[in-house]
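Mind having a look at this structure? Questions to follow.
Each chain carries a letter (A, B and C) given by its place in the written order, and its residues are counted from 1.
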Amino acid sequence: MLAYIVRRVWQMVPTLFGVMLLLFVLFNWVGGDPSYILAGKNLSAEALAGIRQQLGLDLPLPQQFLIFVRQVLTLDFGTSWSTQQPVSALLHSRIGPSLLLTGSILLLGTVLAIGIAALVAYLRGSVTDRLVTLIATCAMSVSALVYIIAGQYWLAFKGGWFPIMGWSDSTLDNLLHYLPLPLLLGVIVGLAPDIRFYRSCFVEELGHDYVRTARAKGLSEPVIMLKHVLRNAMIPVVTSLMMSLPYLMMGAMLLETFFGIPGMGKEVVMAVERSDFPVIKAITIYIALATMLFNLLTDIVYKLIDPRVQLH
Amino acid sequence: MPHTSTTPPAAQHHHNSLTRIGWRRLRRDRIGFAALCIVGAYLLLALAAWSGLVASHWQDEVAHPYAPPTLFAGTAPHHLELDAADIDAADRRATSAAALDSSGATGLSADEDPLAADLAAAQQQSAQYRSTGQARADSLPLGADQRGRDVLQKLLQGSATSLQVGITGALLALAIGTVLGALSGYFGGLLDDLLMWGYSVFTSVPDMLLLLAFAAVSGRGIGTVVLVMAFTSWTGTFRLMRAEFLKHKGREYVRAADAIGAGHGRRMFHHILPNVGHLLLVQFSMLTVALIKYEAILSFLGFGVGVTQVSWGAMLAEAPAELLQGYWWQMLAVTLCMSLLVTAFSLLADSLRDALDPKVK
Amino acid sequence: MKPHALLATLAALVLLPAQAADMNKVLRVALNAPETGFDPAKVSDLYSSTVTENIFDPLVTYDYLARPAKLIPNTVSALPTISADGKVYTFRLKPGIHFAADPAFKGKKRELTAADYAYSIKRHLDPSIHSPWSFLVDGRFVGGNELVKAAGKGALNYDAPLEGIKVLDRYTLQLTLTATNFNYLPILAMPAFGAVAREVIEANRDNTNAHPVGTGPYLLKEWKPGSRIVLEANPGFRKLVFNATPGNDPVDKAVVQALQGKTLPQVGRIEISVIEEEQPLWLSFLNRQLDVSGIPQAALQSALVIDPKNPLKVRLAEQYARQGIQLQRQLLPEVTFHFFNMQDPVVGGDSKDKIALRRAIAMSFPVSEAIASIRRGQAVPMNYIVPPGVAGHNPAFRGAPKYDPAAANALLDRFGYRVGADGYRTRPDGKPLAIELACGTSSTDKQWNEYWQKTFDTLKIRLGFRQGKWNELSKANHQGKLQMWGMAWGADYPDGENFMQLLYGRNAGDSNAADFKNADYDRLFEASLKLPHGAERSQLYDAMNKIVVAQQPWIFGDIRMRSTLAHSYVKGLKLHPLLNTSWRYLDLQK
């Protein structure tokens, strides 16, 4: 196990390198030229050339890449091209709100989804099961956009139960005031597909022979469910959780935009729009590192759950 | 003796009979069958729209802007239609009035215009191009949008586009993810490392970036949307298939197949794949559903289909502005339409899974 | 010198800081696009300018109430004296104006001097700063070009003597222009030319955008880039008492009634949010989470009662009027237009068949229909390069061709753009004709695109769209790769020259986006530079407009009518054509 972990940590280096390469190629190929934005109304050739030089864009590509490497090693991405704010300060202020939002959505959403899914899998075939499945299926057919727009209009504006938008500096204020509506909408959007998927995982496990064996041995359904089925079904569940992280970024972006939450999702969009390479670099590298760590954690958890799994 | 599954599932030797068994089971499942019919109906309608049999003139402005649905004509908010001619007339009045007080030039005179003679001649020859405006309806079955286009026709045409985008994208994503995931989970070792490297690299780059990159390279439009969605969605299937192949590889029936001399390819796609097929089906339905909805968000961000095409996403993109003014019919129509299809698709997938599950006797 | 200094000190002591603005009065407003930063020599976008305008003081500013806009002294004691040849401007500053406190001043009160303005103007010349406003100062001051050349690629030598920007004494600044220009003063009224302190800039060299320190009524308290900006009243701001006599305008009367005799600013704190989506912005305003706001396009229908026969005549909807919400409207000093790349082989050039192609397209674009639908009638068609409200505008001139797609089709027939078997026209030489229009990706762009599609479909010309972000398209246009694109240009200063230069041959590749090069136009333009605003110059402008209308490098678009709403408790609001905000003149009486 330890050897496996060490090997995987060692593998992060080429992954990081791959990300940097992909990012670098992508940006220099299709990323747009920030000097045009910074030049404003003054588009003379000298002004543009001067800006490019200041941003280091006139250096040969391999040299730019080496500078990039150094930045990653020191985790110092310099200053944002559009606002001149140090990138690390920018991201530190953005990560908090994003984590609070997506973290709470993930937590609440997963707990609810697993709970409901386990319940209906247990009651499989019954009217409750079919009803819940049907409702979930219908609910998830509606676009996230519709939920957000309608939710903000009816619950916040017409109903007055939540503030329409905003974010404050105090976490407590956010938890009580500004988080509930986006949290609610975020959970609703993700709940239905999760319930369906987890349910199918549980049902699949329930169909396995060892379950029949356990029943034949005389174990009660709840015990079978909790002790055996859940554990084995965790692999696709955990996989699905990992799968959902990239989509969370996207969904959070919509929530952040509509509710004025100063998070990472919105920052990425703005940075790409302004071709603000330092910010894009920094966000991507941080996400890359986080994803790699999560992947490693997931695989370790596989091994712990299912002894049959051979980790190479 | 407990019955353990050492023998490979029936699927391997009796492909036909499993399909037949599955079909029979599906027919018996009333909800599943109904779902199948609904999906089939959508596909037929989409085909009709795509081939031009239906809704080919969806772009025609046949009604007044924001004309309400016929049944609700009385209760819908009234849209004040402004006339271009009035604006033009007001503008002319203003410049004529100003001309009375000023001594400056009032415009380009005939001798200053290089095209004066040609324009005069063109005026005389323009009769063939003059068209009388067509009458505009006051209400339509499902109402009209901002330009006065029929929501019903847009819906039909849009379903063709959205289905095309969703299904193609899902199939592509599934194919990529499955093949790569199978290779990765089954062989492990260096191949696994390489593919995991690709996977990690891909999932680390924010979707936005990938979206913009592809759009910039291959332009915008349906093709790009499909490619973009496939290239950003294969990772989920990859991860799932890798985990499943990893899991199944160690199982007894696979070892048994090895013992009887089955090669790697056969073991992967003949033995393991059918056992995970039902998961793939669920994946496919989730992906199609997700991609159809993803297309809506892409359209909202400006990546969707161009102005010469319409999709559900493009119609939804008009929703925020419409709702703010109280015009609810386009959004409701799209939501219901999409909802019905997606629900039917999901239920169908459920029933298929149940019907095809080899362990359910 | 000594008695003068003594007097100045006494004056400074007497001019005690104004009674502090009320910190309990909090003005909440929103920007609908993100700002960039607050260094006046580095930012040019409208959103950043709303903030820099309130932190920094330019030499002169505009009278709040006077229309048309009138320049008045800001930090100077009187408008500058201009020499007879129109080249030398002499400014005398008011003593006793201080910068807001900052650690760079080492605990001392820092007075505003002429040297600060010299430094601030020179910064726009500095090649290492790349000011987006350098086109307003390059080559304008005597000795400026030499100083810039001496700097090479590095920083300007601010201590070297410069004849064109000279400090005569502590409070006297003298600017010597290279060419006669009686209209240079409005440029100095821009927030970009507000005074910055050299110590602060040098202490924050890497991050001047986040450390704006000026002599203006507000200072920067808090900044979350792209999200939230908080300004607080500058406690050291000089005493500024509102004093005006209103005319007959009811808005003026209301402003005077609210502010007469009061010290400005009244509002102690301004909270600015960045809200890009229309729904949250509008709902926030209706919910009283914002005090002042524009009206998003989607809300125009519900907020205004529009007279269908005369859409510019509007009333506030009953439900909002009842709440006491105030509506003010103003035609923006801007123009919007679409241009052809005049160097493009298909659409550019001055041969008659190319002119005919451009003219046909211009005749087929339904400007009035687009105004009716997309702008909801809240715009006027553009008829002249210089818009209304800007010196040099000619309201009698009709520059846009009459909308007549049938005649346009016949015109194309005449010039050999035959319709082929596939239903689309070909070029006169038989080669296929396809035109590409560059556009943005927002939903408003999509609405415009639908009209363009209709235009080209009516003309039976194949149309392709090239979608991209603004900076990508700008770069492509610079490289001559675009065929058609749309632009808007807002007045930097209220003079027609700011607009006529958009088609000047020498600006091709810069602000002349269409790359239009016409010898007659250029000759007329250069002659117009020597004249002050008046009948003679207007004649030249008319001639230039005629050339443009004839050659059709531009398809004239429209000019927007800005609507602003404010809740009943907001007093003192009057929209100004050139000032970005009215915040220092507002009072909140809740």
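Basically, a residue touches a chain if its C-beta (ideal position, glycine included) is under 8 Å from a C-beta of that chain, and two chains touch if they have at least 3 such contacts.
Because the structure is predicted, anything quoted here is derived from the model rather than measured.
Which of the two pairs, A-B or A-C, is linked by more C-beta contacts?
More C-beta contacts join the chains of A-B.
Considering only mean CA positions as chain centres, point out the chain farthest from chain B.
C
Can you compute the centre-to-centre distance for chain A and chain C, using the mean CA position of each chain? Integer Å is fine.
Distance between chain centres, rounded to whole Å: 40 Å.
How big is the gap, in whole Å, between where the Cα atoms of chain A centre and where those of chain B centre?
23
Among the residues of chain A, pick out those that touch two or more other chains and give their numbers.
Touching at least two other chains: 149, 153.
Can you tell me which residues of chain B touch two or more of the remaining chains?
216, 300, 320, 323
Mark out which residues of chain C touch at least two other chains, giving numbers and ranges.
277, 279, 472
What part of chain A is in contact with chain C in the complex they form?
32-34, 36-48, 50-51, 53-54, 79-80, 82-86, 90, 93, 149, 152-153, 156-157, 163-167, 257-260, 262, 266-267, 270, 273-275
Within the complex, which stretch of chain C touches chain B?
By the definition above, chain C touches chain B via 277-279, 282, 296-299, 301-302, 306, 308-312, 352, 355-356, 359, 366, 368-369, 371-373, 376-377, 380-381, 383, 394-399, 403-411, 413-415, 440-443, 445-447, 449-450, 453, 465, 467-468, 472, 535, 538-539, 542-543, 545-546, 549-550.
Which of the residues in chain B come into contact with chain A in the complex?
Those in contact with chain A are residues 2-5, 31, 188-189, 192-193, 196-198, 200-210, 212-213, 216-217, 232, 235-236, 239-240, 243-244, 246-247, 249-251, 278-279, 282, 286, 289-290, 293, 296-297, 300, 316, 319-320, 323, 331, 335, 338-343, 346-347, 350, 353, 357, 359-360.
What residues of chain C sit close enough to touch chain A in their complex?
The contact residues of chain C facing chain A are 34, 36-37, 39, 42-45, 127-128, 130-135, 153, 206-210, 224-228, 273-277, 279-280, 283-284, 286-287, 289, 469-472, 474-475, 478, 492, 509-511.
Over in the complex, which chain B residues touch chain C? Could you list them?
The contact residues of chain B facing chain C are 65, 79-88, 90-92, 94-96, 98-99, 101-108, 112-115, 118-119, 121-131, 146-147, 215-216, 220, 300-303, 306-308, 317-318, 320-326.
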